[in-house]
Amino acid sequence: MGVMESSIKTSEAPLSRDDLARLVARDIAPGSFVNLGIGQPTLVSNYLTEDQDITLHTENGMLGMGPEAKGDEIDEDLINAGKIPVTELPGASYFHHADSFAMMRGGHLDICVLGAFQVSVTGDLANWHTGAPGAIPAVGGAMDLATGAKDVFVMMTLLTREGASKIVESCTYPLTGVGCVTRVYTDKAVFLTGPGGITVRETFGCTLEELQELVPVPLKAAAAA
Amino acid sequence: MLNFVESVQEAVSGIKDGSTVMIGGFGNAGQPFELIDALLDCGAKDLTVVNNNAGQGDQGLALLIKEGRVRKMICSFPRQSDSWHFDAKYKAGQIELELVPQGNLAERIRAAGAGIGGFFTPTGYGTMLAEGKETRIIDGRGQVFETPIHADVALIKALKADGKGNLVYRKTARNFGPIMAAAAKHTIVQVSEIVPTGALDPENVVTPGIYVNTVVRVPAAAGNTAGSTTGTEEKVA
Amino acid sequence: MGVMESSIKTSEAPLSRDDLARLVARDIAPGSFVNLGIGQPTLVSNYLTEDQDITLHTENGMLGMGPEAKGDEIDEDLINAGKIPVTELPGASYFHHADSFAMMRGGHLDICVLGAFQVSVTGDLANWHTGAPGAIPAVGGAMDLATGAKDVFVMMTLLTREGASKIVESCTYPLTGVGCVTRVYTDKAVFLTGPGGITVRETFGCTLEELQELVPVPLKAAAAA
Amino acid sequence: MLNFVESVQEAVSGIKDGSTVMIGGFGNAGQPFELIDALLDCGAKDLTVVNNNAGQGDQGLALLIKEGRVRKMICSFPRQSDSWHFDAKYKAGQIELELVPQGNLAERIRAAGAGIGGFFTPTGYGTMLAEGKETRIIDGRGQVFETPIHADVALIKALKADGKGNLVYRKTARNFGPIMAAAAKHTIVQVSEIVPTGALDPENVVTPGIYVNTVVRVPAAAGNTAGSTTGTEEKVA
């Protein structure tokens, strides 16, 4: 398992959840239409700037979603996919569920950001079901987002609580989508997936060699952008 | 034929044992709680219910499930922090679950209303939710064959109806309402307000009256936003 | 080819186009949603009464279509499927083409009324194309209406200009739909089609025996309604 | 990315030879005449055009066909009393025709925008328009497999756009606009009016700006209803 060293960017320390959210936000191209998954991905919205002019989609039927509603703003008819009350920005629109998912499935969203249990070297995603005996499966819109968005960004810690890598040769959890992930943002590194396998764009608080010790698939540095 | 009725009890009185019932709503937004309560009261059983979830807390659909009226759930997200009634029935083997990705759920409901016999979609390809289903490669992408979901009855909630049964909704409470109205043989709508025919701008009608059979006015409860907003859908962080 | 005589209704003379339109209008159940095809079927709208509360659909995206627009009412953005300017009734709604045809194809229209070249004993309809060499085919919404409406009524003269019956054993013109026609209104008789074949509900200006002379398929009187 | 441009010439300048171009409109309602004229001027050729008809009289699409720019028409109703340019090209074998029942045309366009790989429909079953196509019996009804129609470019007309590209239409001029906007890689819209973002009620937006790439304002000509209403579609009486 050889590591090709190169001059990729690194930082002093692993990224906090907020730092990671800030990084993802910075990487979203101006004018994009974006769906942020429930949980950690939702943090990204805190770091989007007005200049970026990002339009947020929520799969329960809205484009132009604003920040979480507070106090008097709370309206039970205006919630996001996580069922949290949100607000409406100027230029918003509402539509029914089939139109909303047609938007996702028809390839119109530029980016969706999702959490994950595992991502494989070929970009397979597992994020909906542990497959444990007795676990009640629930999928929501995860498969539609994973399959439909132009780019699928994953945000997760690199390691499980037990220290196992979530970047794997082949997913052991049930799949959400096949070959759909384009980037993986973790606390220790940003990975790019593509036809040439998985590459490392930058590392946080570790060298590529140290990262390779943690990840059971061959890593190489991404070609400079 | 379109009917305006005086009570939710009257609205649901024709629902028979063994029916497939679609119930609108995502979270509390658009949930026709009063119609669901009336369905509980009317005693219909052996139901197949189509909803995004499988009930929450101790209200609405969760109570229908608790009382053993639901033989089968077709939904995308049954497991929530407060879906204890479904969880118990499921673990006891007393309820059948057809788990459907949310976009397939929406598109299959839409297909029923639109007279489509089935369609291919990339969603779910290569996953356990496509096991046993027909697949084919179209333009280089694996796709799964999905079939329409028809219903005997739809219970939905809208903001306003006019005298022709035309409906408008409010914000994200629109969600499944329009497609369920089209997919069911008989659509029952609870609205906050009934307005004269001609009062809705024809450009802004969301559900044309052709899809509506029974309308009942249920005034919006003042301040019922309290407790309605517990975020309970949990995904991986 | 035996004819079962019975006491079906008859009239003194064949029906004019307007009389036929009046008869079709009278047969439409109150509260129905109806699409009237281009040409002769359009006449039906002249005889619908307010009491009937019929809602007319036009496939270019409208429910609640009113009468033809005259003078100042003419608006180039408000036309019917025949591209004739029409008016809007209270309670109308507009929708896009996919929603409009979903309405037709999903079985939501109670009745459509169409013209025809031929109708077969099993309810096959031919009304879109002569199939003549060199003829440019054009189908419009005919197949969607024929296949999608709950009831398909045909309005036509019984005989071609050359005197051939348009009710046939099997269509020789290209089909619009298979087994879709439920009733045929002609100047000489009203025919019902169904699993038991074709039956005659009433005749106009001829007896069932005289009608049988004109039509090359075995006729019998419909069971009294 | 959304662009507001100053002229119809600029709006269509990126259309390449060999493109598939969807053109909205049914009759004159919703026809983007000025965009079509600009397409004629820009010289793009070898086009596949998707429209309900195949041009009428001596204007718009009819002129594109006359000038030999259209290699193939995908439409439901090419033959009209004034479709002489199409008729001549067709009879001379200089244009290809894919004739599609109007509902299949609409549903196939919708399928492209919605990411559907194909669908089964009863429309056309047992007719010459289903010849050579896959069929199957579903729930006792013969059905035909139909595939999505994608496009490189859509040219459509709406009433108003806001700063986000959200669109509203006017009466039956809505027709193919919303589904073509979703089915094309690049959607170009001519509107009568551009309004500030926030001026359109989010409940009433028909085409969300996500489907719109280029907007150009073309003021509605005063009194251009004259001569626009010749009923020319002829079916059997």
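The first chain written gets the first letter, and so on, giving A, B, C and D; residue counts start at 1 in each chain.
One rule holds for everything that comes next: contacts are C-beta pairs under 8 Å (C-beta built on N, C-alpha and C of every residue); 3 or more make two chains touch, one makes a residue touch a chain.
Since this is a predicted model, take the numbers as computed values, not measurements.
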item	value
Centroid distance [mean C-alpha coordinates] between chain C and chain B, Å	36
Chain A and chain C: spacing of chain centres that average the CA atoms, whole Å	56
Interchain centroid distance [CA atoms averaged], chain A/chain B, Å	29
Chain B-chain D separation of Cα centroids, rounded to whole Å	34
For chain C, residues that touch 2 or more chains besides their own	62, 88, 94-95, 98, 101-102, 105, 148
Overlap residues in chain B, where contacts from two or more other chains coincide	107, 110, 114-116, 121-122, 169-171, 202-203
Chain contact graph, described as a line, ring, star, complete graph or other shape	other
Chains touching one another, given as label pairs in label order	A-B, A-D, B-C, B-D, C-D
Touch list for chain D against partner chain B, complex	107, 111, 114-122, 136, 138-139, 141, 143, 147, 168-171, 201-204
Footprint of chain D on chain C - complex, ascending	37-40, 58-62, 74-85, 88, 94-98, 100-102, 104-105, 115-117, 124, 127-129, 131, 134, 136-144, 147-148, 156, 174-178
Touching residues (chain side chain D, partner chain C) in the complex	26-30, 76-80, 86-87, 90-91, 97, 99-107, 109-110, 121-129, 142, 169-179, 206, 224-225, 228-237
Residues of chain C that touch chain B when the two form their complex	31, 33, 55, 57, 62-64, 88, 90-95, 98, 101-103, 105-109, 148
Interfacial residue positions of chain D with respect to chain A in the complex	1-2, 110, 112-116, 162-164, 166, 182, 197-198, 200, 202-203, 205, 208-211
